[in-house]
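To start, I am sharing the structure in question, which I have written as structure tokens.
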Amino acid sequence: MSNFAFGLGVGTQSAAGDWLEVYFNAPLLNAADDLIKAVGDALGYEGGNQTIEIEESQLKALEAAFLSVGAEDQAEIVEVLEGTRQPLVVCILASDEEPQTTAEVYLKLSLLSHRLVKPHGINLTGMFGKLPNVAWTNEGAVALDELPKRQLAARAQGRVLDVHSVDKFPKMTNYVVPAGIRVGDAARIRLGAHVGEGTTVMHEGFINFNA
Amino acid sequence: MSNFAFGLGVGTQSAAGDWLEVYFNAPLLNAADDLIKAVGDALGYEGGNQTIEIEESQLKALEAAFLSVGAEDQAEIVEVLEGTRQPLVVCILASDEEPQTTAEVYLKLSLLSHRLVKPHGINLTGMFGKLPNVAWTNEGAVALDELPKRQLAARAQGRVLDVHSVDKFPKMTNYVVPAGIRVGDAARIRLGAHVGEGTTVMHEGFINFNA
Amino acid sequence: MSNFAFGLGVGTQSAAGDWLEVYFNAPLLNAADDLIKAVGDALGYEGGNQTIEIEESQLKALEAAFLSVGAEDQAEIVEVLEGTRQPLVVCILASDEEPQTTAEVYLKLSLLSHRLVKPHGINLTGMFGKLPNVAWTNEGAVALDELPKRQLAARAQGRVLDVHSVDKFPKMTNYVVPAGIRVGDAARIRLGAHVGEGTTVMHEGFINFNA
């Protein structure tokens, strides 16, 4: 069972249940066959490229699956997620086809910023259509049509909902800070940027996704 | 009773009681006569351009006034604000004269960013003198002379009071994100900017108030 | 007992106990002899340039020392810090020698941004080696090797650990906002910048440390 990529993610959905973004703590490129088989058995995966939304109640089985194949790192991620109320997703990509879901796009952008694939080394065709335009705030991703109510409610409670950007792409550093870099203003680097070790991005710089 | 603009706002005051900024969730241009009459009766408005500070205890009467004229949207804002401890204000502007208070300036800047008026289409004469220089932080607007004590207290409690900018103008997106825009770095757009639908402001761009 | 500089700081350490940064609320240049003597007696200072880590339990003695010499401002800082769980440090610099610790570098950078010394008016030789590369976040300074776990834990709890920059230097305004300035985007000014009264830094500007 060959595999292109794997990721266990925790993300944000709109009130309507649409995915706004997904955080993959430790995505895998070419995951081991036995890991995919164990996880697949636990989640009912039947092959191909799948975005599988999971419940918190499935995490114990997922942890056992990881431990059964010695994937301690992934098992540790599951442990941290146990008890969460945030939406969870598992992406299993058998091949590098065009991404079909928001989660798949985020997995692929994460592979780039984790330096697991090189710029232009991954199929992102049609990705824009899978990425919603989102308000990126100090309280996480917020759907644009929910923003005014959220801002008003925050104000009533004495807080400010601080909107950092309004964009299809989040900033890379909120997802991964690859080793050996310095970044003056993190707003300048989108998730999906591939920032080489030793790079310093001063405050005027801007690195686009997949660049 | 002709009317130029109306706004119900929630804002921030310094310890000395000076207004630092006002958030208008849904300002109105040329508000309906019956709305102004109903609100005016509830608050004792006697005409002209008035900035009326209100108490939380007056919100019920304000809600009734809005409902009496079918202004459901404004009534919903009041509902969210009920129970708040934040300072509240109602601005009623009979005409587009020079703004006389901080709240009036914020109402006019909000009209611009809500695309209710066009750049240079509103009287902002003397506005700079009505806008205090403010520290814009993750905990909201802070008066500059209170900042060092607030920063120290936050540190003692294990938090950081993050100062995003020190300016008379806040960033637009913390007040309104008009439809159909993308903004790479929201720090670049001041409240009062008029950002047309379909605009994408990349990370190098900067749009000034009233531009 | 001549003295070059003095500072009482509250800061952040990594899980391994390394200093990441230190906030000095009110550093002193050429502190009064009697202040240094009183504080030195309270803390067992024996001369030279010393970075003295102190416990919360020592704050009462420190406050008494400040009050004994009429240093009300410093005593007030101590009062705010009483009860804190954050790491505390006192820096006493007898002379302007090369900084030997992270805290000493932060004290010197703070002297610059507090306008107590002029750019190039202080010995910063070797400072880069004393400054760790840090993730600057909405929850304070985070050690880079702890970041992925902190980000995952925040996500599991429905928060976002927002990484503003990855750099040896923090932004100045989180440490001090000197009087009479405006700063469009505070990310552009590093601690250690010397920003003159009346300066307005618009959004394109960038001021480096010691400049």
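As written, the chain order gives the labels A, B and C, with residue 1 at the start of each chain.
The rule is short, and it goes like this: contacts are C-beta pairs under 8 Å (C-beta built on N, C-alpha and C of every residue); 3 or more make two chains touch, one makes a residue touch a chain.
These numbers were taken from a predicted model, which means no experiment stands behind them.
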Inter-copy rotation, chain B to chain C, in degrees (Cα atoms; steps of 5): 120
Chain B against chain A, contact positions shared by both copies (same if over half, else different): different
CA centroid of chain A to CA centroid of chain B, Å: 35
Junction residues of chain A - those touching two or more other chains: 138, 164, 185, 187
Chain A to chain C touching residues, read off their complex: 10, 23, 25-26, 77, 80-81, 83-86, 138-140, 164, 171, 173-177, 179, 181-187, 202-204
Chain B contact footprint on chain A (complex, rising order): 133, 135, 138, 144, 147-149, 151-153, 155-168, 185, 187-188, 206
